[in-house]
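Please read the structure below before turning to the comments.
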Amino acid sequence: MAILETDRLTKSFGALAAVSGVSLAIEAGTLHSIIGPNGAGKTTFFNLLTGALAPTSGTIALDGRDITGTPAHRVPHLGLARSFQRTNVFPAFSLFDNVWVAAFARAPSRKGIAWRSADRYPEARERALAALADVGLAGKADRPVREISHGEQRQLELAIALAASPRVLLLDEPAAGLAPEETKKLVALMRGLKGRYTIVLIEHKMDIIMSVSDRVSVMHFGSLIAEGTPAEIQKNAEVRRAYLGGVAA
Amino acid sequence: MLYALMGLGLALITGVLNIPNFAHGALFAVGAYLLASTANLIGNFWLALVVAPLGAALLGLAIEYLGIRRLYAAGHDYQLLFTFGLALILSEAIILVWGPVGYSHLPPPVLRGGVDLGFTFYPKYRLFVMVAAGLLVLATWLFLEKTRYGAIMRAGIENKEMVSLLGIDIHKLFTAAFALGAYLAGIAGALTAPIRGLSPGMGVDMLGIAFVVVALGGLGNLLGAIAAGLLIGVAQAVVAAHWTEASSVVIYAVMAAVLLVRPQGLFGIR
Amino acid sequence: MSRALIAILAAIVVLPLVVRPAIASEIWIFAIFGLGLNLLLGYTGLLSFGQSTFFGSAAYVAGWLLKHYAINVFLALGIGVAVGAASAALVGYLCVQRSGLYFIMLTFALNQLFYFIAYQWTGVTGGEDGMPGIPRPDFLGIDFGEPLPYYAFVSALFLLSLWIMKRIVESPLGKILQAIRENEVRAEALGYDTARFKLAAFVIGGAFSGLAGVLYAMLFGIVPLEAIGFVTSGNVVFATLIGGSGSLYGPVIGSFVFIWLSESVSTLWARWPLLLGVAFVIVVLFFRGGVVEAWARFSAWRERKWRSSRQTG
């Protein structure tokens, strides 16, 4: 059954419909990719899902429950976490503090929030450390963000999303700006996460998508134009036109 | 109308330069004192009215060029401290030069006395100020709307990158905007002098009002600043007529009330 | 015990021997005020230019009750804290949705609102003349009217405030406020209601300001109109910035430097705010980062020198 479902979701900025009538169902436990040329509305679609933007019309349902209009700071508590296309972390913090803040947001109890030492929340601490370990940054927990490489910052971005112990993980181009070697590492990482979480992935790089996705949806000018298995999408004529038309012509 | 003038100048500075200008009130006071001194010195009110705001603009030019220019990357806290320090220096300098006691300055003989408007008797000078300030606001507005330089300044509020891309020296634009804002503050001060007299504290009072006008108009919204200036002026006049003591408070109370209902300001876009 | 704490304890003991007890008390009172501001400025990244609103309101209300109803010292302090927190909640509610310049101007304009209320409401506040005749009632037989016992009392409350603030900034709340400073959008995306957290910072900061305000009123026996004026707001921002807003102890050092300097200069020349303004400008143009950072730079330089001399020697 679908864990996350949108129904004719639309977002217009003035006359421009950035997302237009998108109806999409994400099956629990799958890795579902969304592809499309630049400006197709993929990131806007994520911003709608996470409440960062309010949709013009249409609905979003999580576990069959309507969550449209939930404020951005409530959405993570429903089990939806995202990573950002441009690295979006807390620059002055150590890696551990970056993920700790994410973990604490979902702590079962915020008792003593203004008084008890931040070290004395073992549950948040463990989840933070586990998230760093998941992305292979456990050894650098105490390093400040500015001392790690761009590739490691992308991993940290992912760890912050994981630390929120989500059920659905929304990843916005996690491989953006990575070198081929780093990309390979990331693909391996994603394989490891697959199955543990329901993952919605926005990605440009076709090789990544084809190797990890269960299902692929294609967005073009704000609308969904195709959906299927990676193999089906590769053969789809309309997709080829959209891509080739957008890139080559 | 004076409030609109002050607010317009401050809106220009905050909009284009993106700095908190706590020296705006001091520039207002400098305009007022310069008017009184030059008028006494050369004995011609009209010439003084031309000279005094130019002095304020020159001062603004120097402030931007020597100080604020070095602080664009420094963060609002240091910019604030700098302009606040300038405000202290200027208001203390006023006391040093002109003395701590306020005094009054008479309008030129032509504008003394009042006119009978039929329903009420109104001082000539106030009428003059209203018309003059109105014309100044209009002139500034036309400058910003209709001329090339005005268009560049408005573009500086909307999109600084674009201005740089057009090959315009953004620093020159900043200096010009600050000087123009200072000029408007100076002329507002000069016009006020014969109405309210001169006192070292006049700058701070006006600074608060200018901030309210800008906050109500919406940051970077010049037309909004003009409208909010008019609104505040009218509100204050109405309250002052019935309950004099509350006339200073009412400005801020109006602001708080408006922001409760419309957090983005009356005409706010951001 | 940390070195900073030892230094502070030593300063508390030595200070009244060096300067008048009133000035010594004022230093720690101003430090409490600075601690409150720094939670907003340093930790949350909110530049409030209206802290005297909370300082002054608390001083007026508690001063009035002390004067006319002869209330107990601790009740007066409690009321001051409550008034500081409540006025901060009011101002914070209007301000936390805004950011940048708008936020600064709004805190200032609301400060002016309170200032003009105090200015016009002469029946209660005394307007420009201030509210004189505020007593320092005895407690358990200790005569706080004497300068030294009152100094000890102020110092103890300062240490208590410092301890409480240390707990707060090391708590999850402290981390979350810093996260908001670093990246508000991400903090919200992680599931924090950032507006509510910023409001909490306001209320806590206001409570500290309120405590400082009442102690100030009792110290001088008067609430001057300037206590709620914008210059007071500016001074505390300046003191915090010269101390260094990045650390817990920054405002303490800043208050020390600021009060000591302004007290010694103000007796020399009535126009000393001019020098203060010059000091602001000089600090901003040449010494951004404050005393704490200047010290860190100096130690780094000394360290390097020490190392290079060892290598060559």
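As written, the chains take the letters A, B and C, and residue 1 is the first residue of each chain.
As a convention for this text, contacts are C-beta pairs under 8 Å (C-beta built on N, C-alpha and C of every residue); 3 or more make two chains touch, one makes a residue touch a chain.
What you see is a predicted model; the values in this text were computed from it and never measured.
Participant: Give me the chains shared as neighbours by chain A and chain C.
Facilitator: none
Participant: Quick one: most central chain, C-alpha centroids?
Facilitator: Closest chain centre to the overall C-alpha centroid: C.
Participant: So, what's the distance in Å between the C-alpha centres of chain C and chain A?
Facilitator: It comes to 43 Å between the two C-alpha centres.
Participant: Rounded to the nearest whole Å, what is the centre-to-centre distance of chain B and chain C, using the mean of the C-alpha atoms as each centre?
Facilitator: Once rounded, the distance between the two centres reads 31 Å.
Participant: Where the CA atoms of chain A average out and where those of chain B average out, how many Å apart are those spots?
Facilitator: About 49 Å separates the centre of chain A from that of chain B.
Participant: If you look only at chain C, which of its residues touch chain B in the complex?
Facilitator: So the residues of chain C in touch with chain B come to 41, 47, 49, 94, 97-98, 100-102, 104-106, 108-110, 112-113, 116-117, 119-120, 230-231, 234, 237-238, 241, 245, 271, 273-274, 276-281, 283-285, 288.
Participant: If you look only at chain B, which of its residues touch chain C in the complex?
Facilitator: Those in contact with chain C are residues 14, 18-20, 22, 67, 70-71, 74, 76-82, 84-93, 95-96, 204, 208, 211-212, 214-215, 219, 245-246, 248-249, 252-253, 255-256, 259-260, 263, 270.
Participant: Can you list the residues on chain C that touch chain A in the complex?
Facilitator: Residues of chain C touching chain A: 167-168, 170-176, 178-179, 182-183, 185-194, 200, 204.
Participant: Using the touch definition from the top, list the residues of chain A that touch chain C in their complex.
Facilitator: 50, 52, 71-77, 82, 84, 88-93, 97, 100-102, 104-106, 110, 112-118, 121, 160, 164
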